[in-house]
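Next come two complexes built around chain A: one with chain B, the other with chain C.
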Partner chain A sequence: MRRRALIAAGLVAGLALALPAAAAAHGLVGKQDLPIPRWLFAWGAAGVLIVSFVALATLWPTPRLQELRERVVWRVPAARALEILCGAIGVFAFAVVVYAGLAGSQSPQENLAPTFIYYVFWVGIPFLSFLIGDVFRLFNPWRAIAVAAAWLAARVGGRDALSEPLPYPRALGRWPAAIGIFLFAWVELVYVDRDDPSTLAIMALAYAAVQLVGMSLYGIRPWLRNADPFGVTFSLLARLSPLHWRDGRLAVRRPLAGVVALDPRPGTVALVCVMIGTTSFDGFSMGTVWNDVAPDVQQVLMDIGFGAEVALQIAFTLGLLVMVLLVSALYRLGVEGMRTVGEAHSAQELARAFAHTLVPIALAYLVAHYFSALTYQAQAMAYLISDPLGDGSNLFGTASATIDYGWISANAIWYVQVGALIVGHVCGLILAHDRALALYRDHRAATRSQYWMLVVMVGFTSLGLWLLSAASQ
Partner chain B sequence: MSNVQRYLLVALAAVVLVVGFIVLSDSGDDDSGGATNAATATQPPPAETETTGGATAPAPEPEPEPETETDADAEPGPDAEPAEPRVPTIRVRGGQPVGGVETLRYEEGDEIDFRVRSDAADDVHVHGYDIEKPVPAGGAVRFRFDASITGRFEVELHHSGAVIARLEVQP
Partner chain C sequence: MTAPVFAHIGHWWTSILYVAPVVVVVVWLGLQSWRAKRRDPEKR
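Moving on to the complex of A and B:
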């Protein structure tokens, strides 16, 4: 009897343990990073502290970054034709991905759609944006379709064919983008069918449809600047780049200068917190802490009457929400702290004034968590473009290519991860310091406000290091 | 604070960080030398160890672990492989690993060696190394290959899609 009960208990325990583990891992990438070793964690944490105090002592006493100076270095020849070509490429790529998702093999590894959407698009474009500026705007397929449609309507029906767009509600600001990125993260990290190619293709179509409706109602530019979640996110990260493409000209600016000029519309803080919080949850949900907690939450929900799968998704949704709220709360703590140093700045004013300082942190998190996966899945593109449907075709002769997981050593990955976090930390500190000098009339108040921002930055960087370390994995 | 003082402070911090890095990374190598290639559970210890009645006699090496077992368990398979107590075995029942998802730990350059025993036929896929072998119903399949790539890898049943074990290869 006892023996049988033990076997049953073992089986139940085994099942309970296996469930969240199976749900947590992204099935696309064959290899996960090793957690950073203890010594590197210690060094990283110490490095952050030393860098912070040196920064406090040595950073400049008058604002230096607030003025945006750009120098046009290149006039792009045939800019209009290039824009049309890029737009066409974007639409073509979008069509291929959707078609592959719908018509191709439904195995996530064999189909082009999941790898393209989760890695080339969602991780690759931020890396490119940071390096060479806001390239997505040129290739943005829904923008290209809308511009073409507007041009066509004007050609066919004359200038009055299109009614004046509605004014975009100011209070809405970047909130649609923040909510959109949260929903995307939900699909990527929580939804059980996240890797299912046809589901992804349908969601991509729905996304494009929403964007087209939005642009037709509120006008192409206002909508894309506020409410296209991917467009807004990518252009936000592109502000960190020293390159700025505008109206067929390439301008150069100092690194970080672009992000200082960020206009803090409503929803900006939310967007950055969603970016940091969802990336954090991706790391956190792989770790032992979460995998100890999740089955309990799942069990509670199953006791209420939910099925196992639904309960697990609710548990993960809660985790994702809590992580975003935690990140927001940490930022809020810094803002409330800054309010105590004198000069009557409102919480909202301060929150918006320092929102841009979190952008480098968001990028650092992205690099730390997805850098290696991007390099592996980018290799997968070699065979996926030759066989996008996974039906055995070989369009470019590269269908038999494989992923070399050994191209970069574990040590090199660790250095990139810790390096990204520390560089992001320093950039955040510099931006906050400079903004405080510009915002506060009193130099001493500016300095004292920065002790609070230091707490916020050290908090984010420690969280980032912890998520990468063996302590959480 | 004068400019000279500023530069000195930055230089001092840089020196401290570099020295700290070198000192820590040296001691870190010693630490990681303590890792073994034994299979260790990252999840709470499997409750089913009691059911196998400690089939494994403790060997002098630190390798055998609770879930490492001989074929003397309740599932006599058709394969007549002799018992090899030192090869970790992942047992699959009802499409799920008995005792939860274990992590098998190795160091780069080791030989990875484990067996998968399943009550139902399936294909076992080792991610990253991209090795796939069929396992017959009620039988076992053995994987032996060099740990040439560092990282964490999943061992997955291809048809059921369940993760049955993880491999961890440390540099």
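Moving on to the complex of A and C:
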């Protein structure tokens, strides 16, 4: 088993060696003037991880995070009214984005829909979720519509008007969310019409329809907790926040404690691997060698009989899949390594038990990869909100606002990105160490089991920094 | 298909430096396993 783990480690390292330099598609960065070469940051980050690992092994002998303790610090006044208001705002924003996409200018820069969906929604909400908790749940438009419909049906037809929802299939778990996020990433990174406002608006309507049908079949809560791709993803990231909003109360908890309580139902590992893998491919797909290889793959597909555009999309789809599989393989390496310790834990049991350790890494990748895009592109909302259709209107007097690319230096962006990656992976190590202490019979076995998670964490850190570095060249 | 990769080695050779920390940790783990095996032959 140990030999198998070593061979797997060699294969993953070899594969990483074969990977080319890459740039980030959405990472907008200027010229940096760093005091040391970028690769040295990867070495430094690995050093921080190794020191953290040793410190955990010696200074953290018993589990400390396994028990979730929360303290209510604020009872929100008029919580129900606030929930209704937030839901209404969410529905209004959704309607504006869809209307802008369908009725507005079809130029992606002039229309509100692409910027809102790709930057404010997909990048901004994860940042907010980590900082202030699961705010998306309050503003979730399809949840608000479903709750309103259920309330209305109960008022009109009485309590018996709605039949009991079907039991949500346990085996399905979070797989619908994982598949949904993969499909969204496919649209964002592969689909040729990804920036087309009307196409995006139609897809948003289709997404909402699927959510409403799902909630009507399986119930609002079970569906949202398992199968709403964005809802599940954002709530997963919100578990890292020390703030927890529930039932009209705001509770605080230890940092990282929320994610420890994650129920590792089927599809959870897949969801996190999809999050990390698709973010990585966003950078990788702009790299030199991918851009050398992709046309060749496209040519092969064209020789089979596909058109040029379809062939290129198939090539990118394959690349996206390979990156997700590579991330999954790296995690699997850590799991197989843990099995060498000798205790009778199955690979599936370990994979699920340590799934939550990937969540801070997913967030770290997201911050590192999209921080610059968010800082710049979110500014575009200043003029888009005044002219959402791109027809020359000036609703709030900010239509002439511009993006200030100078408000933060390229070096500052780099340090934030590197810092996010290091902190995210140290958090991953802490979570893995604490879970190992709870799972293994003694402290020594727990530490030994984590040797391989250290490889995984150093691997993810190096991969993340390498992607960032290439983006900055 | 792989020819362009090597033809442009100047563009990406520094990428290898990013793998070095992973290789160092893997080698260190291999050494640890080897030493543990030598100390206790009963161990797998």
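Convention: the second predicted complex is superposed on the first by the 411 of 473 C-alpha atoms of A that agree within 3 Å, B and C clash if a C-alpha of one lies under 4 Å from a C-alpha of the other, contacts with A are read in each partner's own complex, and residues count from 1 in each chain.
One rule holds for everything that comes next: contacts are C-beta pairs under 8 Å (C-beta built on N, C-alpha and C of every residue); 3 or more make two chains touch, one makes a residue touch a chain.
No experiment lies behind these values; they were computed from the predicted model shown.
Look at A:Ser469: by the touch rule set out above, it reaches chain C but stays clear of chain B. Residue contacts after overlaying the shared chain place A:Thr402 against chain B, while chain C stays out of touching range. Looking at the shared chain after the overlay, A:Trp39 reaches both chain B and chain C. Of the two partner chains, chain C is the only one that A:Leu454 touches; chain B does not reach it.
Contact with neither chain B nor chain C is seen for A:Tyr440 once the two complexes are overlaid on the shared chain. Of the two partner chains, chain C is the only one that A:Asp296 touches; chain B does not reach it.
Of the two partner chains placed by the overlay, chain B and chain C both lie in contact with A:Ile50. In the superposition on chain A, contact is made by A:Asn411 with chain B only, not with chain C.
Of the two partner chains, chain B is the only one that A:Thr58 touches; chain C does not reach it.
Comparing the two complexes, residues 6, 9-10, 13, 17-18, 21, 37, 39, 42-43, 46, 50, 288 of chain A contact chain B in one case and chain C in the other. Of all the residues in chain A, the ones that touch chain C in their complex are 1-2, 6, 9-10, 12-13, 16-21, 37, 39, 42-43, 45-46, 50, 288-289, 292-293, 296-297, 340, 342, 451-452, 454-455, 458-459, 461-463, 465-466, 469-470.
Contact residues on chain C toward chain A in their complex (touch as defined above): 1, 4-5, 8, 11-12, 14-26, 29-30, 32-33, 44.
The touching residues of chain A, counted against chain B in their complex, run 3, 6-7, 9-11, 13-15, 17-18, 21-22, 25, 27, 30-34, 37-40, 42-43, 46-47, 50-51, 54, 57-58, 288, 291, 402, 405-406, 409-411.
Interface residues of chain B facing chain A in the complex, by the touch rule stated above, are 1, 6, 9-10, 13, 16-17, 20-21, 24-25, 27-28, 31-32, 42-44, 46-48, 50-51, 93-94, 96-101, 127-128, 130, 148-154, 161-163, 168, 170-171.
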